[in-house]
């Protein structure tokens, strides 16, 4: 079955989810946010990385849920974990302790340096700020993991020229900013969307389009981005989801309360 | 049976231990050092204070040992506890958290303001400092409990005019010093020895002889003290150990590895 | 030892107008029944603290009990926004809601400092974030050994902490297990403590893997409220009512619908499960 | 995942001359067998860290393995002095022993800072004590919110931490229970970790009340050494050999008696229990 056929058989969200899971190949462990990151991490355990250790901020280390948790505190996460620790211990000894390879985040607003806003959005001069859920674990996940993956839907509303509020620093204002802030790790190494994959330019740290999902055009991606999205010279097309990936994803979602 | 008879039936150490246990009447809980304090606290649970909660720095809360532990980490302390916590939690949340009514300490050297040395002793110009075990939990026990009891044998070697080293502050250099140092609680309220009981003068915070055990003279106590020990105007004689106290104490020691 | 009391009496005596109240629970063991009793008793002007205010805080805020929220993530997990929370913040309904906003790491350490009776805690956090500009409870501290600058967060010491646990014994010793979150710290940081429990066991608590045991002498009142965490859950006693959380989105979106729900499910309910 | 190795090989690869080595255990689960292997392999110049160095550290110090001791209480619990420790400190035999001395609260928090990868920890400690004058790892820090001055202690991050546990599984996941002391923090603060265990279980570890579970991916090597804590103990497997601790007083009081003991019980012993 060809790649294009695979893409045709699945929706844009599934392309995003499958590619987000693939980004976890080779990681030993992953600090998992709820929603899309949890979908991706659980799919990774069923496909590219069966030994991936899932770490949830609710305190579970090594959870092996059989279905997608609706919340980070679903009982099965604790029941299937290697260890359950308190929330302060999770943040101090495990996350801040530098023991996590990959932090996996969602975002409401993302800028070209992979900084994240999940706090408030400006809705114009006549309306009050729109309230988002807030920071959660994100500022310290982004600061303390070996690398950060971000998954979100590719729209101009999400990928914005300037954040209304900086909740979480990705690459700050460019190269060197993480180090100047005393942040550990590589920071965001990939942003997986439903159109493709953005990666920071090694020289400028600006996110550039490095891959498109099958059937998506560069113009579509640029159109859905709030800044003038640069395209990597070696732009690739992501491999279409395999049957195994798609069936694992669908089984996971069918068993769960809700995908994201 | 008269008090003097009771005293005649028992040794000086037993007088010290029984009176140390009595000092725990009314306390809800006690942070227990090993040795004499542990003997006293376990005796208190069998006599004047059956509901006394024993807290050991090894992490046990509410231990009910059937015999005297040789060390603060004997297995029975954990097996019989209401809760076992980590050592950092014990010191941070329970002791520093201000949850302990009484801290019970031993001492190698004690001065007139109930400051304690358990670090090094000066053995004269031609000999190296003599090494003692060190601070253990004492500095923070003395700083953070509601009150502190001290138990030690009454000798000029133990009750000294000037400490060779200040490991643990009792009343510093006198009234107001604890507050100036930001220490919580009343500090040492009684020093129970094998000759009697010393208490801080409310005005000067200097330890004065406030009670003698039956059969002990003021001169004996003053002779065994390295400073010019003042005597309280209302000096009393401690009640002789009762049969119940003595038999409880002896049973406890017979069952334990060693008393102190 | 903790008194074993009715939920009504415990809330009446422990929770006062204007208090800072932590109702903790990281998805698991959320004290919904106690929150409803707080609403029913008409307590107002509360500063509510919780790392993850979710539906129960939407209810408290919508009912008008809160003046301020101290938090790090306010949403309906896996579902979406908290509409009553947003309505209060964005539109001041039913009251304006002041916010003291943190990251999870910051909030967790604020409770740790509170439980340790320290005025602050240190973490490697908030770097480059706009959060410190919106609160006076984040500052900077310099390591006296390395010169490194780190974040300091102010201790959080609630007037009252309310948590739900699986078990208590007759002496008020409490045991909870599963995801234990930040509840031990929230309890030990508080001036007063109320614990609602699924069950009061006869005799001694049987130790459980992964459990937190709190002795009765750090707790003021224990109230027997089986199901008191619904629609959250108590591992070993109930499962999370995910449907409720999903339905809440529609209930809470509209003020009138919410008020009807509140009437039917809180104001007009005497909690028949309460007792001692 | 941790490798399951012989004690000999694990010590050879993980413990090097001049390392800072924490052998922790608060009376319970003290890694005696690993310490003897360190002596047998002739490792020298170690900085030894432990809150409560007792008989095992008397042996290491008397055998000449240590250059420095980082500690808060050095004695034979319930018995008396550590004679080899005193002889090293007072008389420089067999080597002078440098001391970095703390209170328990300070040492515990040094490990907490180490596990948290913070450069320091804050506590309400050392007030009025002469201890800070003898170490460069205690300083003062000012609360940025209240202005209060508090003690700061430098993080302790051993090159190697060695602990003894009851159980591991085949993946090197480790479980220990009973008095768990400061071992979790000492492990997570370390650059390398060796765990000796009473038993390697087939299949998954069965969760125990009060246990600490450490995943294999934070451990470098697990060695099967039944009885490896003797004369300390492993709850559920052995009891404390109090007689040994009492006899140690006489053994250690005299240099020659000690050296004979060391010959017979350490140097001339191949640990037949070791293996994988």
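Lettered A, B, C and D in written order, each chain numbered from 1.
In this text, a residue touches a chain if its C-beta (ideal position, glycine included) is under 8 Å from a C-beta of that chain, and two chains touch if they have at least 3 such contacts.
Just so we're clear, the structure is a prediction, and the values are computed from it rather than from any experiment.
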Those chains which touch subunit D and also touch subunit A: C
B-D against B-C, pair bridged by the larger set of C-beta contacts: B-D
Taking each chain's C-alpha mean as its centre, the one farthest from subunit B: A
Cα-centroid distance, subunit B relative to subunit D, in whole angstrom: 29
Cα-centroid distance, subunit B relative to subunit C, in whole angstrom: 41
Chain centre separation (subunit A, subunit B; CA means) in Å: 58
Multi-partner residues of subunit A (at least 2 other chains): 92, 96
For subunit C, residues that touch 2 or more chains besides their own: 112, 116-118, 123-124, 148, 184-185, 210
Contact pairs between chains, per stated definition: A-C, A-D, B-C, B-D, C-D
In the complex with subunit D, residue positions of subunit A that touch it: 28-29, 53, 61-62, 82-83, 92-93, 96-99
Subunit D partner contacts - residues on subunit C that touch it in the complex: 116-124, 137, 139-141, 143-146, 148, 150, 152, 154, 207-211
List of subunit D residues in touch with subunit B within their complex: 26-28, 51-52, 71-75, 77-79, 81-82, 85-86, 89-91, 101-105, 108-109, 111-112, 123-131, 148-149, 178-182, 184-185, 210, 233, 235, 239-240, 242, 245-246
Subunit A to subunit C touching residues, read off their complex: 34-35, 57-60, 69-75, 77-79, 84, 86-88, 91-92, 95-96, 115, 119, 128-131, 133-140, 143-144, 165-169, 172, 177, 181-184, 257-258, 260
Complex contact set, residues of subunit C against subunit B: 112, 115-118, 173, 184-185, 188, 213-215, 217-218
